[in-house]
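Okay, here's the structure, questions in a sec.
Chain nomenclature is as follows: A, B, C and D, assigned in order of appearance, with residue numbering initiated at 1 for each chain independently.
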Amino acid sequence: MKRKDLIVEKEIEIRFSEVDSMNIVWHGSYMQYFEDAREEFGRKYKLGYQDIYNNGFYAPLVDISFQYKQPIFYGEKVKVIIKYVYKESSKIVFEYIIKDSEGNIRTTGISTQVFLDMDYKLLWYKPEYYTDWQNKTLVYD
Amino acid sequence: MKRKDLIVEKEIEIRFSEVDSMNIVWHGSYMQYFEDAREEFGRKYKLGYQDIYNNGFYAPLVDISFQYKQPIFYGEKVKVIIKYVYKESSKIVFEYIIKDSEGNIRTTGISTQVFLDMDYKLLWYKPEYYTDWQNKTLVYD
Amino acid sequence: MKRKDLIVEKEIEIRFSEVDSMNIVWHGSYMQYFEDAREEFGRKYKLGYQDIYNNGFYAPLVDISFQYKQPIFYGEKVKVIIKYVYKESSKIVFEYIIKDSEGNIRTTGISTQVFLDMDYKLLWYKPEYYTDWQNKTLVYD
Amino acid sequence: MKRKDLIVEKEIEIRFSEVDSMNIVWHGSYMQYFEDAREEFGRKYKLGYQDIYNNGFYAPLVDISFQYKQPIFYGEKVKVIIKYVYKESSKIVFEYIIKDSEGNIRTTGISTQVFLDMDYKLLWYKPEYYTDWQNKTLVYD
């Protein structure tokens, strides 16, 4: 079965408060940029924290990694390209690339979320809601 | 009636991420320092967010102001001195002074919190729980 | 002399990370929203941190106050309306209003910045650069 | 050659502002906790941002990863255990474990820093200063 590639681009404006005394974006701010992209994706494809919560689950991050290729400076315009990665298991996986206005890669990353029920218990199986979402959103007609 | 002065001191370690590209603490970080002091006060005198919540209320900030006297630099040790200010009305008011290790005042501020019930409705009267707290905590035997 | 009113509007997307366990925006995040508006103003009217720095000065905040009228919830769209307030003295003063999509006022505030030279010394007089900016930007032809 | 294990423990107080609407610590806050531990290590063993800067270099993060085992709740006391990992190459590598008061592992992670000169150029060789630090700090007498 062939699945659609779901990709969303999110423009990021570097805030003054996100730059450190080296004059570059503090590495911790990228967590926020990745989340901004994830929320943009969530709004577009109905897979945000709120959508998931409305279906009875939390979806916290359990694994995240970053590779910083080039620093980002105050005043720069960059964008985060977020791509949904299909997994058989009960996980939500995204890949991220931050590119500058000339197309250079500044940062890459990957994140994994799992599903918890409202008592914070881990779901080992894929929630029906999520399978439905995958079938409806990823599969070609 | 004479009331006790409740004062708590909270040492603050300036974090690298809190310093901006001017090499001084970003002004927004002071919100956090004031809250750190408020939480320390809350732990000591049982007036933290959690205590208030356990009694059936939220106590969000509705008014806050800062006056920055001298910038604070990375690596400095400062402390926040927080003082409870008694009010007749249904409010929680604190005054703040940030001092450096030589006793110089770097920042001052004042904050006001009100009580909301669990439906986020404002309480115009003082909750019995809070009157009890005041009687028990502020009044000399 | 009549001066132009300089007003800029900045749309704010509430981030998941800015909401606290009361499900409302943490009060400290408003510092950031006000700064976002100030930076938008700075980009439009050439009065940003970078513009000021390029002219040989820092312009840190020395006074800021907030009045929270109504909490803001995750997922809401609000905008910050920032207005430049003319002062005779060597200060940059802004007023802020945060409004929701129905025009209700959620938050108000005011901030004051002063000028420091590159040695962090306070300027008691108005820098020529700033007078020029005011003459060029605020005055009707 | 046998090298000393350098390990530092840093107690973390969970701040109200670090908890999200799921009532658990927002994953992005861990970046800060890891940095808090790194700064504590830096203060103890003279390998902080400031020490490195005073020797003529920046040492930004280029790679970081987190594995979240169990969520952390508001009010909990946890500690970050940070361990220096020796590498032949021109890198600073740390491993992190966050444990709760009962010794359970809540989070693990690893970070890598490289050296840049003051023009933000990557150093491919190990700075003499860093070799000296390693010889002085890691090697048994």
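Definition applied: a residue touches a chain if its C-beta (ideal position, glycine included) is under 8 Å from a C-beta of that chain, and two chains touch if they have at least 3 such contacts.
Just so it is clear, the model here is predicted, and its values are computed rather than measured.
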- Interface copy of B-D among A-B, A-C or B-C, judged by whether over half of the contact pairs recur: A-C
- Item | Pair with more cross-chain C-beta pairs in contact, given C-D and A-D | A-D
- Message: If I average the CA coordinates per chain, which chain comes out farthest from subunit B?
- Response: A
- Task: Report the inter-chain centroid distance for subunit C and subunit D in whole angstrom, where each centroid is the mean of the CA atoms.
- Result: 35
- Between subunit A and subunit C, centroid-to-centroid distance (C-alpha), Å: 30
- Query: Taking each chain's centre as the mean of its CA atoms, how far is subunit A from subunit D in angstrom?
  - Reply: 24
- Query: Which subunit C residues reach two or more other chains?
  - Reply: 16-17, 28, 32, 35, 74
- Note on the structure: Given the complex, residues on subunit A that touch subunit C span 13, 15-17, 32, 35-36, 39, 49-50, 74-75
- Query: Where on subunit B is subunit C touching in the complex?
  - Reply: 22, 24, 27-28, 31-32, 35, 58, 60-69, 71, 120
- What residues of subunit C sit close enough to touch subunit D in their complex? 16-17, 19-21, 23, 26, 28, 74
